[in-house]
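The following pair of complexes shares a single chain, subunit A, combined with subunit B in the former and subunit C in the latter.
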Partner chain A sequence: MAFVSSGYNPEKPMENRITDIGPRKYDEFYPPVIAKNKGKWLYHEYLQPGVLVHVAESGDEVYTVRCGGARLMSTGLIREICEIADKHCGGHVRWTTRNNVEFMVDDKSKVQPLLDDLAGRKFAGGSFKFPVGGTGAGVSNIVHTQGWIHCHTPATDASGPVKAVMDEVFADFQNHRMPAHVRVSLACCLNMCGAVHCSDIAILGYHRKPPMLDHEYLDKMCEIPLAIASCPTAAIKPAKVEIGGQKLNSVAVNNDRCMYCGNCYTMCPSMPLADTEGDGIVIMAGGKVSNRITAPKFSKVVVAFIPNEAPRWPTTAKTIKNMIEVYAADARKYERFGEWAERIGWERFFDKCKLDFSHHLIDDFRDPAYYTWRQTTQFKF
Partner chain B sequence: MPTVEFGGKSFNVDEDGFIDDYKNWSEEWVQYVKQQEGIDELNDEHKKVIDVLREYYEKNGIAPMVRVLSKVTGFKLKHIYELFPSGPGKGACKMAGLPKPTGCV
Partner chain C sequence: MAKHETPMLDQLESGPWPSFVSDLKAQAEKRAKNEEGINFQIPVDVVDDLLGVLELSYKHGRTHWKHGGIVGVFGYGGGVIGRYCDQPQQFPGVAHFHTMRVAQPGGKFYTTDYLRQICDIWDMRGSGITNMHGSTGDIIFLGTTTPQLEEVFFELTHNMNQDLGGSGSNLRTPADCIGQARCEYACYDTQDLCYDLTQEYQDELHRPAFPYKFKFKFDGCPNCCVASIARSDLSFIGTWKDDIKIDQEAVQAYIGGELPPNAGAHSGRDWGKFDIQKEVIDRCPTECMWMDGKTLKIDNRECTRCMHCINVMPRALRIGDERGLSILAGAKAPILDGAQMGTLIVPFIEAEAPYTKIKEEVIEPIWDWWMEEGKNRERLGELMKRQGLQRVIEVLGVDPDPRMVQEPRHNPYIFWKEEEVEGGFDRDINEFRKYHQR
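So, the complex of A and B:
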């Protein structure tokens, strides 16, 4: 399409420029029943997986229907969400912190028509557009990142594995049979954008080869001291190299010290390290952010490497499904994944989940690694 | 790499309009970026920021942190934005011929 101006004048970029106005205030978009009863809610209940009711002091009720969302959405799909909101909810809708979509109605009689409407909507390929669920002790949406859609440092894709894993555990999105809720997250490199470091089960993109050095361009493209300082194991040092008879400033990487984190590539475009065969997925488990019963935990590495298997990542999906099944069968009520693993002991966890324990899982990063080793005779054979 | 012609000189630039090599910087480059960044007129303050950036880069191999730039030039961040509407990274560093800022920007 030919260029259509919005009224912005590139000759005078600062003229009529509006800045620092921030986001719209949240209460502009409240449904009336929310605005009226704000701060006066008495209790809530799960009516069925994906449907909540909140009751206010005034006796008002608000029914919430939570649907899965793919997070990466077209405006076409957003418009369809708006259309549903117009039809059932007076034009109001909200997104959750796990990127689910919530439709709210103020009367019980309006719930079933909304559920029927949502259940009838599918993509041409057959996937549900708005599967209802994600509440209570089940598996809610997967917090994930950009992957091969948009980022330049990923070691795996985000949307692809998320779709594959959610397909595998879909029944638990619409069910409350878990001992406690299971949070699954994905990050496509160990920048860990999102929640992988604090999720019950986490999928993490991982490299296994050191960066390649583009000596010819390195000094031109990069601020060399930044690349050196970006390395957590000090594997990078400045170096002079000779290319085509020219002495150039560059860096040298000590491959024995490199653990392929990719931080140097983030700082320096001339140090790419993505690799089809080398890259893959690490599975972590046992993290949580809530303070309920036990303090928040970091997730721990439990599977050192699974290759990238686009488009369905079968090994990853199967491993996660298996871990969730073992947890569901063995953990006590209210016990989160990490609480369960710590109660039975991690050696039992590996036993029960039939996961291989390799030397990769033993912490060797600086002084704190010592505290992750077992300094007691208490263990199970 | 695309090439731009300006003031009788040609420069190799990347897709964001940063120069390919610090050494290829020249006075014409400043004029070219000035046009790109929508800066009406270059005054002594612009020149001071650019001089500080180039001096610091030559000496240290990195661009200064914003606080260092502020302290050395004596310009508050707000004033640097008044001079370079795109900011110290996309505006001033580009004009000074420094490499493109990296990291999660």
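So, the complex of A and C:
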């Protein structure tokens, strides 16, 4: 492993430095049929789950085959994607905003050979490399985060639970039988990097124990006022502690006010809170971002806690599968998960999904909490 | 032979969904064999150790990454997320495991030439593991050592004309929906506006100068395929001002069953014959549609452009011709004082290059205000809550508009500006007492 320079000279770091050039320009990468017909598309159709056609004013067509991707992927796999794109698509490929991969061809005759090629590709362990689906009224890819692969603040993993849940709902990745599309997302802590607060179903990593205090190091590692200001419930105050006869500046956490959000740890490395038994998953439901029929909605907390069950998180996967089945059976056509729950009433939602309603689900955060209680006599028994 | 036993991760190799474990294992093996004879600049067994540390996390139910890590490249204040393993003796391959954010092209279209060049750099100078893509949009290079950061950056900029993305308290990497490139609903060129603003504000992106992070996202229509309304501090959502275009023949083709509703999105189940009354007219949120004999009518003045009817009958109904976009501000995740979605601040603005009005009349005034008034780590949405929507209206220099609220206030705690009230606030109690005895 001998060091190989790129040409960068550490003696003169600012020499020859190129900055502020931004990303490459989008149109360098368009397939010819896209470049030619941009802005002139007439209509589209889903030919089968995972396969779309777009027709342009010119009569040109582009066929798109959408495949699931694990998001976390190796260059080996990207090179395989390149090989497929070279073979079938003139060297073009794209990714979606839900991290699926799309291969595009400009003629119907090229679709089946592409589908056959993709269907034959599997990993050594047996899973599909490029399962086709993710379109229409089904369950598409799960938008997710770093988890134990790379982040320091997670309360659960990301890649593992996503794989477990996608295995459980896989049939619906390849089907159009839902009343409307179902968006599932995951964040491994409540920073919610991604789409957890606005998804039909959301998986959220959650702690249940206040932070530990590394008093000996705290003042050296952290800017104490920042840690104090980081707390949504003002549970932290400055404190002086004595350790080994030494007076130290530190903080005190009022455990009664702490709801384990972990934001103080984000700000201060001396306040870790991860815990094997304490940490787990909260399930939320009913969010959406589109403006179709109803306005965008936040997802609501419907399951207060499921333990982390590595490696396959069976309770989480089953709970989600069950919610999707009940929704599929009960909701009307075009009705998103949240629209359905609001129409039947949340009391009926808990009833139908056989989910426990515990005190944890009642909002108690500041003034707006009041507006989530029920100020009417209208309710169902 | 794998370096570490991974009995728990092995269980994630079964099942139909693409297994990241199988992919990582294949990559570990590929590096060990090194058939291409790559001169690896970070430990060969980096992927083995990543699997090892992940297995340990599965056993403990806790992360094994140390807090934070401040690394980067000269000239920039962000773009790299430093990360160090908290068990470096056991997993030396990931003792350093920094992430580099690489600015992605609009719509995430690629050529294989480009992707292979990216892979060549990353195979040699990094782990060969990526995220395609981060939720903000970047290509994520997952795992390298500190000495390689400048080398990767040099190769990206010199050999690929390619920059890093954003991180820290600055403008993060903007992202867009596929827009006009392959969608008939797109009301403006999302890729062009995204690219233009990304280039215009490179300095704000690479050198943190803000109270906190700030994100742009661009949706071509209110379907919001890049979720700008929930995931960006300034959300640009395409819309139109004139009438929805109706092709009555195609309407009949839907009614007659020749065309599948919603382009076939519900083909997996028998929902019965398409019923335009039930599926479109009765679902319109403003009840502004009706059938006049065999003709579909829309009272466009009452339409809120929710997209439902167009989504159900894409071949019969099309967006209008007088196009532009709405701007919503303040979306954020829950920390600190609760999640927010974007609030409408500009109902309609033209979206034609060079986008001068958008830059000079919206983005820059908002930044000037927030950079001056925003508290440390206060998102735009939180400043809006603290100082009020009225302040945004002042900053933009526009008139208050009922479109900016869902409903008027129901508490009467109303502030007046002194100059709005006759006689002002300066009053003399003695004058009052002349008429009102104590």
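Simple rule for what comes next: the second predicted complex is superposed on the first by the 381 of 381 C-alpha atoms of A that agree within 3 Å, B and C clash if a C-alpha of one lies under 4 Å from a C-alpha of the other, contacts with A are read in each partner's own complex, and residues count from 1 in each chain.
Heads up, the rule we're going with is that contacts are C-beta pairs under 8 Å (C-beta built on N, C-alpha and C of every residue); 3 or more make two chains touch, one makes a residue touch a chain.
Every value quoted in this text rests on a predicted model; they were computed, and no experiment measured them.
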Item to check | subunit B versus subunit C as contact partner of A:P232, first or second or both or neither | outcome: second
Checklist entry - Taking the superposition as given, does A:A369 touch the first partner, subunit B, the second, subunit C, both, or neither? => result neither
Checklist entry - Is A:I243 contacted by the first partner subunit B, the second partner subunit C, both or neither? => result neither
Item to check | First (subunit B), second (subunit C), both or neither touched by A:P13 | outcome: both
Next on the checklist: Looking only at subunit A, is it subunit B or subunit C that touches more of its residues?
Outcome noted: C
Next on the checklist: Applying the document's definition of touch, where does A:A119 land relative to subunit B and subunit C: first, second, both, or neither?
Outcome noted: neither
Checklist entry - Touching A:R292 in the superposition: subunit B (first), subunit C (second), both, neither? => result second
Checklist entry - So, A:K220: does it touch subunit B (first), subunit C (second), both, or neither? => result first
Next on the checklist: Contact-wise, after the overlay, does A:P269 reach subunit B, subunit C, both or neither (first, second, both, neither)?
Outcome noted: both
Next on the checklist: With the touch criterion stated at the top, can you tell me which subunit A residues are shared between the subunit B interface and the subunit C interface?
Outcome noted: 10, 13-14, 191, 226, 266, 269
Checklist entry - For the complex, which residues does subunit B have touching subunit A? => result 20-22, 38, 57, 60-63, 85, 99-100, 102-104
Checklist entry - For the complex, which residues does subunit A have touching subunit B? => result 10-14, 191, 220-226, 266-269
